[in-house]
Amino acid sequence: MTHHVRLITPHITPRPHKRQEFGDLLAPLRFSHVNIADGPPSIESLHDEVMCSPGVVASARQAEADGVDAIIIDCVGDPGLHGAREAVSIPVIGPGEAGMHLAATLGHRFGVVTISDRVRPLLERNALLYGLRAKLASVQAVEIGVLDIDHSGDTLLPRLLDGAVQAIERDRADAILLGCTGFLGLSDKLSAALAARGTPVPVISPLQAALMAAVTCLSLGLSHSRRAFPPPPRR
Amino acid sequence: MTHHVRLITPHITPRPHKRQEFGDLLAPLRFSHVNIADGPPSIESLHDEVMCSPGVVASARQAEADGVDAIIIDCVGDPGLHGAREAVSIPVIGPGEAGMHLAATLGHRFGVVTISDRVRPLLERNALLYGLRAKLASVQAVEIGVLDIDHSGDTLLPRLLDGAVQAIERDRADAILLGCTGFLGLSDKLSAALAARGTPVPVISPLQAALMAAVTCLSLGLSHSRRAFPPPPRR
Amino acid sequence: MTHHVRLITPHITPRPHKRQEFGDLLAPLRFSHVNIADGPPSIESLHDEVMCSPGVVASARQAEADGVDAIIIDCVGDPGLHGAREAVSIPVIGPGEAGMHLAATLGHRFGVVTISDRVRPLLERNALLYGLRAKLASVQAVEIGVLDIDHSGDTLLPRLLDGAVQAIERDRADAILLGCTGFLGLSDKLSAALAARGTPVPVISPLQAALMAAVTCLSLGLSHSRRAFPPPPRR
Amino acid sequence: MTHHVRLITPHITPRPHKRQEFGDLLAPLRFSHVNIADGPPSIESLHDEVMCSPGVVASARQAEADGVDAIIIDCVGDPGLHGAREAVSIPVIGPGEAGMHLAATLGHRFGVVTISDRVRPLLERNALLYGLRAKLASVQAVEIGVLDIDHSGDTLLPRLLDGAVQAIERDRADAILLGCTGFLGLSDKLSAALAARGTPVPVISPLQAALMAAVTCLSLGLSHSRRAFPPPPRR
Amino acid sequence: MTHHVRLITPHITPRPHKRQEFGDLLAPLRFSHVNIADGPPSIESLHDEVMCSPGVVASARQAEADGVDAIIIDCVGDPGLHGAREAVSIPVIGPGEAGMHLAATLGHRFGVVTISDRVRPLLERNALLYGLRAKLASVQAVEIGVLDIDHSGDTLLPRLLDGAVQAIERDRADAILLGCTGFLGLSDKLSAALAARGTPVPVISPLQAALMAAVTCLSLGLSHSRRAFPPPPRR
Amino acid sequence: MTHHVRLITPHITPRPHKRQEFGDLLAPLRFSHVNIADGPPSIESLHDEVMCSPGVVASARQAEADGVDAIIIDCVGDPGLHGAREAVSIPVIGPGEAGMHLAATLGHRFGVVTISDRVRPLLERNALLYGLRAKLASVQAVEIGVLDIDHSGDTLLPRLLDGAVQAIERDRADAILLGCTGFLGLSDKLSAALAARGTPVPVISPLQAALMAAVTCLSLGLSHSRRAFPPPPRR
């Protein structure tokens, strides 16, 4: 039976090209993609996290009602992750959680290269919650607005490279997690650029890590613990 | 000049009697109290936290527009605290944060006695975020629905006492923080009951702790750091 | 192209039936299985860990020479994991590392149920090294010799259930990782038994978790960081 | 009833102008101020901490005998804090403890700017004891003797500014705690100077924070836990 | 040249028989023993710690003036340790510090069996300061006054045994540190009693551990770092 | 009775001159020195650690059979330490463990200066396991091959000095542990060089620290806990 994985983009800006980030990984799967119905245009602050999360929960409920088998939240900040897990029984995957755990297994410490220093506290907070604070070498930022990424052309990769090099050489990261699910098609390019300058390390696409976490849950028949994330009380 | 403090109850159930918890502390202040416009009937899960937080942010914006000087969120889980801080410049106080920090200064370790074991992970998470995980002896629960507290009559105090005694004698708490802002008028009673059985420890009302945190900020002309909680980006 | 995954059993006792633990997960893969050439008959101590690890490294080198694409070490203690990673470039997966990280994403805290209390320190040590010590609720032991597992018949499941219940109810685990790769075919049974008594939580087979970690690396073109695990110096 | 708060300066150098640091905050209070009878001329080392602490305890006993309602120890190092708490039942407030907890609630991390790098270990030790080590971004020092502060004229503020900027820009502090109770009248000036250069963050006067902690305890009828700080045994 | 080690008893009660605890270890050394001139009759609280510490510093200065080569403070609470180190250049050894570090090297976790639960927070605090909090399984107490130890006859050993067994069986300690330097001649007896009941673990006398730490420093020509513990400033 | 201490060099390169590092410390002891029978030529990686450890265990067994009283493993990485402790009852000392604990007692934080940045993760891992991660200021490397140390003449000391100065001035180390047991006769020279440039701190030879740890165990009749390190199971 084909598993159906749904990507929930936790804001209202259309992002149809996200599908390409998954490439061949989607071959054995059914895939769908929705935006939340109402919320901010992008997720770039703790405020945005709060404002988008009810939409994530609503979309998660809809996904379960639609017979979807697993959900991926389309943001490295994992907004609404735990609330959505209480709302549904099917696996809900956060690319930040999936990416950080994967990064932690590939080296002693990992770095994150993200959009802006203003989301650094959010990512450091999540690393702490996930138990991986001591594995996080640093969060570097390229200072770009999420909505400008698609128009950044050739200027983005060098800035990601700069951030990654800082994380590797100064902060002793052994692996790099891209810190925004809007950084599309860049993990391989950054990996190649790092290798070209003599500092080859694994570079992880958070969306790809999330998809493999979903596949892992689906393949093993696992989902989040309902003791940890019980259904909300009826009142 | 009289400072105006507003209590934002992060759900839609009226709670006019909360004002009494503050008693004489309100004498030098102007006080107002609102519910959020839309959200769950109470906060008893990670799901409820997510669903109420946008309402907290909206009410915080309204409070600042109304010329309010400081805001208290009426829940020990501090829903929407950081998002609201990004949205406004006036102090936004979480009773959980205020109460845990106060409790941590009164002994070596503190216990929390709350409504239900299902909010234990949320409170443990917040203690971790606030830096106080090692100071938290344990979270005990009396297993009562928030909406049943007002009708619980004489049965609630003995259950709070049981939880507090567990925290003190087994988990070595030196102080107790009440773990729900719906536990009204109970800090003194629990304190007396603990003293009567030979285990006197400070008992903290989270709403009272929050009010004093607001007074502290207002008296010293302080508010949250805008470097930590910058205004959300304009897009 | 079909990926070839090799299971290296880090002792000298034949275990041909391990393959069954992977079931359908092997369908898209080529699979091979070897014992190390020389070492202890099972891994039940820090001493055994030391004595088997050179064999793991040698088998890892052989696997890479054989064109294998990824290696799984057949022990929850992950013996020789880091040494083998220095020796080869293909992914080397430890079932303990893979299983603990997976367990940590499914709840707030996980428990491990293993063979003997004498391997508890080893598993607690590894949880610390992996960054997950605070996520590990407890290690419970059923006190069985590894070589007796296959002959334990119907007596093993009730003992695993006892350990899991201790971890869940006393130590507040939300998920269970089986703590021995010799516990074959038991994750589903333990999961069902826990659900039957009203404490349903995810139960993870470490070998299955390891295989999915290998699949994740292979699917994403990732392996361990060579900055973290560089080839040993030539002398 | 008017509460009586006493400031105990834990050395023998007169400091009558400390009262001005409290300003209008003292309006609703009765205030008194004493030096300890015997001890060092200032507190600038672990040695000084040891030598002044019995005087703090003696002065605390005297304060309680005098009917004082709350005590503030006039040093950010909080010398004798726990010993004095065992000696008396009225609240004993440490400006370091009060200031660090307040700073921790205003941002993600705070910096301390103190007199000399030689008291850095003492402040780092106290942050660890208070549970706030991970919230402490760094301790910066202006390298001035305590007894030279009053004669430092216009040269002190620029040095405090330098330290604060280091803490903010390099060590990512979101708030600043002044690290000496001898830095009088400087919190507002430093706050203004930081804002003027585009890095506005809250700046906390430790004496003011301590006074509000005393007011909080007095307003709520709380004092330190006698289980945590029981009276010394009679022998 | 014979090294001269001085034991400083940090209270005013004569304890001439302490010398016997060192036995043959003193053979290659010169040994002297003093009480502090003024202070409490024993150390059983944070208050006592404060009140005795100036006497420890004064006695340390005198010891250095007397040409003593190393100092041992005669209390597991290590009162005045850091202050005395600032005051003198010769090694100053705390039996708590020496004993905890030694215990930490003999197993995965150690327990302390001390006089009273009221000194538990002090010992837990010191373990935290020494970096060994995670190695401390628990602090057990026999509830005896220090001044009653010498008259406790045959009743003390069974109580120490009870505490040690709790630490070992419930809290998983692998080694035991006696938690009072007044427990004389008991490490061997407790060790034998533990072996007799089938739970043999190392039992450490804190005074003996301290003497060997002094011998280690003297043999290697080491003392505490003067960068960590610089001489107090001259004023 | 003369105690017999054996140094086990965990590789196959003869190192007869190691004996000189102990100097007069050996006077009251019988001393012997062996290489392992089979293994790598030096220990410079996690791979080497794995490959040499069975030889360490075998040599430890032989030492106990030979009537040796205590064993020192001749490498700061402490390869095979825990496995050897399970194999024998006599004390097995790791110079890294002994040196780190000694360093931790001499200041607030210590630095390690070692051969190569590639063993930094191994030393950081061990500091974490020993409970001393927060005491470790940094690991500096001089980038020299172990087998080149003896031929490095006058060039090594300046490089050690550079590393030590980095650790002291930038990373705030108060004491230095030499990070290779091949750095012979250098602790005094580095100590003198540091003093000459105005940054005097204790410098610890790991072999000397290990010998004193052995003497401490032998003098006090202690060895590692057999509950922590039980004999391997018989199968």
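Miscellaneous remarks
Just so it is clear, A, B, C, D, E and F label the chains in written order, and each chain counts residues from 1 on its own.
By our rule, a contact is a pair of C-beta atoms (placed from the backbone, for glycine too) under 8 Å apart; a residue touches a chain by one contact, two chains touch by 3 or more.
Note that the structure is a prediction, hence the values are computed from the model and not measured.
In terms of C-beta pairs in contact, E-F outnumbers the other of E-F and C-F. The equivalent interface to A-C, defined as the listed pair sharing over half of its contact pairs by residue number with it, is B-D out of C-F, D-E or B-D.
Chain B and chain F have centres, each the mean of its CA atoms, that are 52 Å apart. Separating the CA-averaged centres of chain B and chain E is a span of 43 Å.
Centre to centre, using the average C-alpha position, chain A and chain B are separated by 32 Å. Counting partners per residue, chain F has 108, 121, 228-229 as the residues that reach two or more other chains. Residue ranges of chain F in contact with chain C, taken from their complex: 40-42, 44-51, 53-54, 56-57, 80, 82-87, 118, 121, 125, 128-129, 145, 147, 228-230, 232-233, 235.
Chain C meets chain A in the complex at residues 25, 97-98, 101-102, 104-108, 130-135, 168, 174-175, 188, 199-202, 204-205, 208-209, 212-213, 215-216, 219-229.
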